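Each chain carries a letter (A, B and C) given by its place in the written order, and its residues are counted from 1.
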C-alpha cells in the first residue's frame, strides 16, 4: 500500500491542480485564513460558508467537505450536520477534525453526534483526540494532545466508526481499521504554529476530492504536507524552477517558517513529494 | 478621465495618509485580518464591528463603510442593512463586495436585498458576481468566477443600480454605466492568495473616503493595488528609500508574495503609483 | 520594583516555556490567529473557545483568561462573564482588553459590566480606552486612541477598579493605583499592524500565568514584547544561536516586520529581554 500512496502523489496532485475542486469548510475562526491559503497553495479552491441556509447547496457541489470544531457553538454543529448530510447525499467525502475532543464535554459530544448523524470518510486528529473518540484514555489540554497511543488510537477509531483515521504527531498514522501505515515526514517547526492540524485536515480534503480511496488519499496528503515542512525547514534538497538544487534557508523563527511552509506547499510537485515521502506499513 | 485617476493617485493618497479616515467593515471571517492590515498599509484606519447595537453609531463616524458577504448569515445581513442605512444618512459611501453571489441563493438574494435597501456607492466584484447581479449569465464556483464578460457586466451592473461597478480580474473594469475605464495593473500572484478581492474592496473604501468622485476613486484604488502587486512580484523598478532603484526579489511562493505585497502597498506613494498606473478608456 | 520586573523576565519566561500554561481567550475575529501564534511564540499554549456551554470548563483549567471585546456582540459578552466568573472561582487571573471602549456605547457599557461582574486582574488598554473606563475624558476613533493622558489614566483606572492597569502607547505605563512604572521599549513599526494591542494583552496573560504579582507580570510582559519589537526592527544587537551577534535586517514594510516580530518573540530569552528592558519608576 505504500506504493499506492506514491502513485497517488505522482498522479493525483497534478490532477487536483488542473481540476481545482471546491473544498467546502465549516471551520474555526482562528485558522480559517490559513486553511483557505493552504488549500489554494495545494492546488484546490477553498470556500468557507456556515449559514444553515446555504451549507447544503454549497456542500453538494464541492469536491470535499471539511468540518472542524475548533471554535464550535451549537448553531455551528447544527450547520455541520446539515452540510454533512447534504455531502453524504451527493457522494462528497466528509473530513472531520475533532479539535479539542476530550477537553470539554461539548467538544466530545459534538464529535460523537456528527459521527452518528453523518457518514464521515476521514477523521484527522491528534493522538489524544483520536483516543477519546475511540473510547480509549487520552489527555487533552486545551486543543493539544498530552497523551495517547497514536497507532492504537488510529486503528480503534477507524474500527469503531468504519472510517479512515489519520492521526498526526511526530509520526503520523493512517488506519482503516485493518491496515495501518506510518508516515515519517514533517518537522518540529510545524508544531510551533497554530493551525498545522487544521491545515493538515484541509489538505486531506483536497486529496480526497481527487482520490476515491480515502486511506491512500489521507496518507498521500500527510506525506506531501510533512515533506513540504521539511523543505521549508531547510532540511532537504529542493530544486526550485530557475534556482538550481539547493536547501531553503533555515527559518529564523516560527513566522519565517510559516512563510516558507506555504511557499513549499505551492512549489512541491507530485514527483518530488513521492521522492521525499517516508511511508511504510505499521506493524 | 484617466487623467482624473492619475491626479487622484498623486493628490489623494497622501491626503488619506494624513487624515487616516476610519474604514468600517462588516466583512467575512476568512480575510478580516488581511483587510485590516491592508487598510493600515494603504494609510487609513480599519475598524471591524458587526453588533446590531453599535454598527449605526460606528458607520456614522466613518470615512467609508465596506460590506462583504463572504461568510454571511442572516443576522449579519441584517446588521449590514442597519449599518448601510446609517452610512447613507451620514453621507458615508458604502462599498459592497458580493462574494460568491450566484453560488447560492442566499448570497444572490442577500446582495439584492442590500442593493434594494441601501444606497451603494461602489460594487467591487469579479466578473461572474457582477454578471449575476446585473441579471446576466455568470458562473460562480464557490467564491471564484468561472465565466462572465467583465466590461459588459460592469456596465450593466452600474446601470441597473445606478452605482459604480468595479469588476476585477486579469484586467479590471470600472464603469458608472456611461463611461468605462480598464486598468491593466496587477500580477498573477494575486490570484494565488485568498482575500485579494476582499482587500481590493477595502482599498476602494479607503479611496472613496478621500475622493468623492467614486468612479475616479475606484479606478485609482485598483491601479494602486495592482501596481503594488507588480512591485511585489519583482516585475517593475521600484526605488525604496535608502535602497536605490531596484526590483524586489521574485517571490518563492504565495506567502512570500503576500509579505511583499503588503510591504509594497505600504511603501508605494502616489507619485510612483501614478507612473505605474495603466488606465485607459474601454471602448 | 524595576528589579522585580527584571527578575521576572530572567526567571519566569523560561518557567513558562517549560510549563506551557493554557491561555484561554474569548477574543475578536480580526486578530485571533495572531494572538494564538503570539502565545505559542511566547511559550504558552493558546485556546480560543467562546461557546457558553464550554467556557466555564475551559477557563477553570487555564493559566490565564484573556477577554478582548474587539468584535463584541451581546452573546459574546454574556459568555465572557460566564468564563470570567469561572476563572475567578478557580483562581485564574483575568485580563481584559477593552478594545474601542469609548467609541460606542455598547463597548463602554460592556466593559463596565465585565468590570462589575468579574474580578479582573489586569486591564491592558490604550490611553483613551483607559481614560474612558477611569471616568476621565478620552477620545477614541474606531479602535484607536486619539487622546488620553496615559500615566494619569493608568493610575485612575487601577484605583477605580482595584486592578493593574497596563496602558500601552509610545511609552507604556503599568500602575496598581499606588505605584506606576513606565516601559520605554517598542518600535514605531508595531503601530503599523493590526492587533499589536490585542497581542500585548495575550502576552500579559502568558506572564500572569506564571507570575502571581500581576503588576510585575504586566510590566515584564510589555518590556519583553517591546524589546522583541526592537529586535525585529533591526535596532538592537541580537545574538541568535549559530548566527553570531548581529542586527536583524531593517523591515521593508509592515508585513516583513510582522514576520520578524513573531520570530523575535520566539527567540528572545529572559536574559536578553532583561538586558533590553527599559523599565523605570514613573514620577
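Heads up, the rule we're going with is that contacts are C-beta pairs under 8 Å (C-beta built on N, C-alpha and C of every residue); 3 or more make two chains touch, one makes a residue touch a chain.
Keep in mind the model is a prediction, meaning the values are calculated, not measured.
A complete topology is adopted by the chain contact network, contact being made between every pair of chains. Because subunit B and subunit C share one sequence, their contact can be compared position by position; here under half of the interface residue numbers appear on both sides. One finds 33 Å separating the Cα centroids of subunit B and subunit C. Each of the following residues of subunit A touches two or more other chains: 29, 33, 258-259. Interface of subunit A with subunit B (complex): residues 22, 24, 29, 32-33, 36-37, 40-41, 45-51, 53-54, 57-58, 61-62, 240, 248, 258-267.
Within the complex formed with subunit C, the residues of subunit A that make contact are 28-31, 33-34, 70-74, 100, 103-107, 141-144, 192-195, 251-256, 258-259.
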